[in-house]
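Across the two complexes that follow, subunit A remains constant while its partner is subunit B and subsequently subunit C.
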Partner chain A sequence: MALNEYVITLLSEIGIYAIAALGLNVTWGYAGQVNLGQAAFIGIGAMTSAILTLHYGAPFWLALLLSWIISMVIGLLLGLVSIRLRYDFLAISTIGFNFIVVGVFQYHDIFGGTVGITGIPRPIIFGFKLSGLSYTILVYLMFGLASILVWWIRRSWIGKAFEAINEDEIAAQSLGINVKKYKVLAFAVGTGLAGLSGSLLAHFKTSILYEDFAFSKSIEIISMSALGGMDSILGALVGSAIVKLLPEIIRPLMEIRLAFYSILIMLVLIFMPEGILGRRSVLSRQLNSMVINIIRHACKSKIEGIKLIGKDPT
Partner chain B sequence: MLTTEIILQLFISGIVVGAIYSTMALGLTTVYGMLRILHIAHAGVYVIGAYIGFSVYLLSKNILLSFIAAAVCSMIIGLAIEKIIYLPLIKRPKHILLVISIALFILIEETVANIAGHHPKGFYTNIPNIIISLGNLVISSYQLIVISISYTALLLIQIFYSRSKIGVASKALIQDMETAEALGINSRRIIDYNFIVGSILAGISGVLVGLYYSNVSPYMGDIVAYKSLVVVVLGGFGSISGTIVGGMILGICESYLTVLFGQILPRDAFAFIVLILLLIFRPQGLFGKME
Partner chain C sequence: MEKILLKTVNLTKDFGGIKAVDEVNIEVYKGELLGIIGPNGAGKTTLLNLITGILKPTKGKIIFNEREIQGMSPSAIARMGIARTFQIVRPFKRLSVFENVLIACGYRDYQGFSFIKKWKNDIYIKKAESLIRKLGLEDYMYTPAENLPLGYLKRLEIARALALDPKLLLLDEVTSGLSKGESEEIKYIVKELKKQGISIIFVEHNVPLTAELSDRIYVLNFGRVIAEGRPEEVIRDKKVIEAYLGEEYAA
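The block that comes next holds the complex of A and B.
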């Protein structure tokens, strides 16, 4: 049973962080807007949800919805700032934002101060208390919904606009795309997903501390996103799984976890900037060519078959 | 609550911290000016400098020797980062380089932590800690050491950049890399020199911070890494005198803001609020001109 619980905990964490990584993929991977403070938005979501359920007795669903909306609104504001900034300075101000948010959490008792918020209730749905496996299922359900949202965005006109901005901002603008609007939107979608994952995290861990949302957490999420492939939905899950599982499998890595993440990020960005499942990554290309080969083979044998049928069967 | 004495006293402590910020940020400014890379790993160089200075002092009990050792080691590390990481990847998108630089910084920090231990180590020297009082004001001997060493270094640097051939060439490269190269400046060599100068300054400021707070910690660079970016922005990206003044302004502002609003936010958050406000309202920096 103990192992089961351990596996369930790990699976839930993977799913929760995958949602945040998915959000980063939208902001950074699709629209090309750098956000190095994703952990701050997880924190905003987590704190909102914790305070709402604990102090105001709000039901879980409402808290989840509100933490999504509040993170999205704050992300929207940061997005409004971002449109004034050049690329790398946007990056620094998101780092700064992360430090500010953590500072606010640390210094104000409503956010738990230096001891954190404890005793966050587990969600109760139709009188059924979600814990263990049922919570994991909820997490993956939310990941599924988030994936559908992101998939829909990507397919829609919004996704095309994101892609155009990412490729060439000036060209996108000259084609009549409202670059500012879409940049802000990209921020809002990405940070909203981070808030969602924060709410799920708060009700999963039942106690949260300002340190859980420090800049190093943002780095962890970036490594998930970069590893999986920044323009891939499934990549977020794969990246999250690798980053969470590797230190568990190779126990000595626990001690040097951060060093390990940093080496991982460097190697991935230098040698395979598309990640594992990115659209132009090595694996994707291989898979694509494999699929094409299989289809070609199938077609060929069919054609041969047709030829054979056409011939005299002697 | 704020009397004249307190205001002046805060000014002094602000100047001391500001001197460290300026020394630290100078390398960042020149690197950003030339290569357009936000060199976060510079703070890693600073941590290594502090630890080398600390260990050499433990072995030799000679503070001068520890400064020299720290300077030499940081120079080597700085050059290695330039040659191995930055130059081969210079064509990559800049935000990718930024993330690589952050990762490199964390790697250095964690390596130091795993070798020397995660906990801070006391850095006690035989330099006496004398409190000098000037009327109602007090200034400690350590504060005097920090001020004198860093401002001497900064003055020398200022002279180096305005008088020497290499310094002037560096300024030309910061202004316009391609034109400067067309005029026959060997950019690679000048960039090397700038990494050397910047890294030496980072190493020295690492030892100074260790001395001033009488401890060294593997995570001492955590906040400095991003705060020195604030100085770069304040100084107007690539201006050497701007960086020196920017560091002082940040140090002084911080010490006042902490006293005024210390209950609301931690000290380190102010720098970032200043940064974000500055980037919104004066994206070219406090002293910078619009590009």
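The block that comes next holds the complex of A and C.
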């Protein structure tokens, strides 16, 4: 099977950005905390990983792990600082953070300055250099792990607390939920995943530049997340695939990518606010009722019971 | 003498020169149903917001179970056993009735690191279901809260508050906006809760209803307590009639 390099590159990028979009889904989709600076955390992860492997000879796995942790810690700090802000103000402060991070990357030589960092090594596992398809497999493995993490968050009490905060902060507080703690946690989980995606990106592209993590990249991630459905795991991947593939298929879109992302976000907000695979999206509801119908046909004797279970959206 | 559960000492809330709550001293005894009445803008809801920590007092103390709770976070106060409903209902709109109550059942797990536990836990599910049944919401178990009429939302809020196993329940105008029939149902529920020994602060507009339910009543006006005592005494109080109907009626 000859998967050519072009396809492999595209597949890898889709997977890498899907992880960042998944992170945004946790922060924004689950917990309702706006983060318009997700690209900054991809950058923090990428730079951490690049510097660790290049300058300190750290093995890939360690660099990956530390990128995740460092982005998470910085996300945690940003969360702590911006905890008092809501909606628009939070949005603006995260945009500001994005610009600050890019500025720091641009003006400090350790981050490669205006020429960027080049020659980032490809990961070597058991003496086997990961490139091409094997790297793509690694990327999707990481997406799988990230999905498990997010899925586990959703089925634990954290997920319920996130949902409650997203719906109504004051009511959530009055039910004993420590809103501050969960907001910070939501930030940390989301930015941690962005860092992970950044690390994978650095070792994939082998050269990174401050521009790669500009605010426009954040918009791209948001459009992926919104299109796929902000409260969906698989939606992050679907959104990432569509946003990455459309400009490849329709070439002229490449020239006006930023406009394309913005228009995409607006269209999604107007016509499909739940995204493609969001839990309350049209498609999900259709699929749901299809499954319920199949079960109902399968065991007609217990229709009452099935109806109750089927209607339970939890 | 019964034991004091909650006490405020010179509680004051200043909104830029306007004292919404002004040197208020109230006491709630264990097992008591305390009514708080007063005209619009008397400071009733502000008082509840102060007790539940949503607002920080400018001055004064709130003592619950012999601990000072002013300055504590709303979530910590809720976990100590003060639950409330809201005058303007605040359900988790997109979640079902069941999930709304379930979230409240998990309050213990929001502490420390036990939040990593699975939420689909039999104990909580049973508890949520029994509360929903108790409040007569079982037909709407899996309906998103946004699709419920107001009367049911008020009951949902009571169910949610009860899920916290409260020692003190604050009901903020639970009958406002409801039909007569719905108010009757709420009245019945409140009586039931009182029988179970839950201390309740019942904040209301509706004077006859409050008088009927309460053991004692405080009357607030312009942020101050203007009368206090047994319902039948309070509603005959000259100052109270003045506050509600104007001076000419009091004479």
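One rule holds in what follows: the second predicted complex is superposed on the first by the 293 of 314 C-alpha atoms of A that agree within 3 Å, B and C clash if a C-alpha of one lies under 4 Å from a C-alpha of the other, contacts with A are read in each partner's own complex, and residues count from 1 in each chain.
The rule is simple: contacts are C-beta pairs under 8 Å (C-beta built on N, C-alpha and C of every residue); 3 or more make two chains touch, one makes a residue touch a chain.
All figures in this text were calculated on a predicted structure; none of them were measured in a lab.
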Query: Which touches a greater number of subunit A residues, subunit B or subunit C?
result: B
Message: Applying the document's definition of touch, where does A:Leu234 land relative to subunit B and subunit C: first, second, both, or neither?
response: neither
Message: Just to be sure I read the superposition right, which of the two partners does A:Leu246 touch: subunit B = first, subunit C = second, or both, or neither?
response: neither
- prompt: Regarding the shared-chain residue A:Gln106, is it in contact with subunit B (first), subunit C (second), both, or neither?
  reply: first
Query: Should A:Ile263 be classified as contacting the first partner (subunit B), the second (subunit C), both, or neither?
result: first
- request: Figure out whether A:Ser216 sits in contact with subunit B (first) or subunit C (second), or with both, or with neither.
  value: first
Field: subunit B versus subunit C as contact partner of A:Met272, first or second or both or neither
entry: neither
Message: Once chain A of both complexes is superposed, is A:Ala58 in touch with subunit B (first), subunit C (second), both, or neither?
response: neither
Field: Partner chain in contact with A:Ser93 - subunit B first, subunit C second, else both or neither
entry: first
Contact footprint of subunit C on subunit A as seen in their complex: 155-161, 163-164, 167-168, 170-180, 182, 280, 308, 311-314
Task: Flag every residue of subunit B that touches subunit A in the complex, lowest number first.
output: 36, 38, 89, 92, 94-96, 98-100, 102-107, 109-111, 114, 223, 226, 229-230, 233, 263-266, 268-269, 271-273, 275-276, 279-280, 283
Statement: subunit A partner, complex, touching residues on subunit C are 52-54, 73-76, 78-79, 83-84, 86, 90-96, 98-99, 102-104, 106-111, 114-120, 141-142, 160-161, 163-164
- request: Under the touch definition given earlier, write down the residues of subunit A that touch subunit B in their complex.
  value: 34, 36, 81, 84-89, 91-93, 95-97, 99-100, 103-104, 106-107, 216, 219, 222, 226, 255-256, 258-259, 261-263, 265-266, 269-270, 273
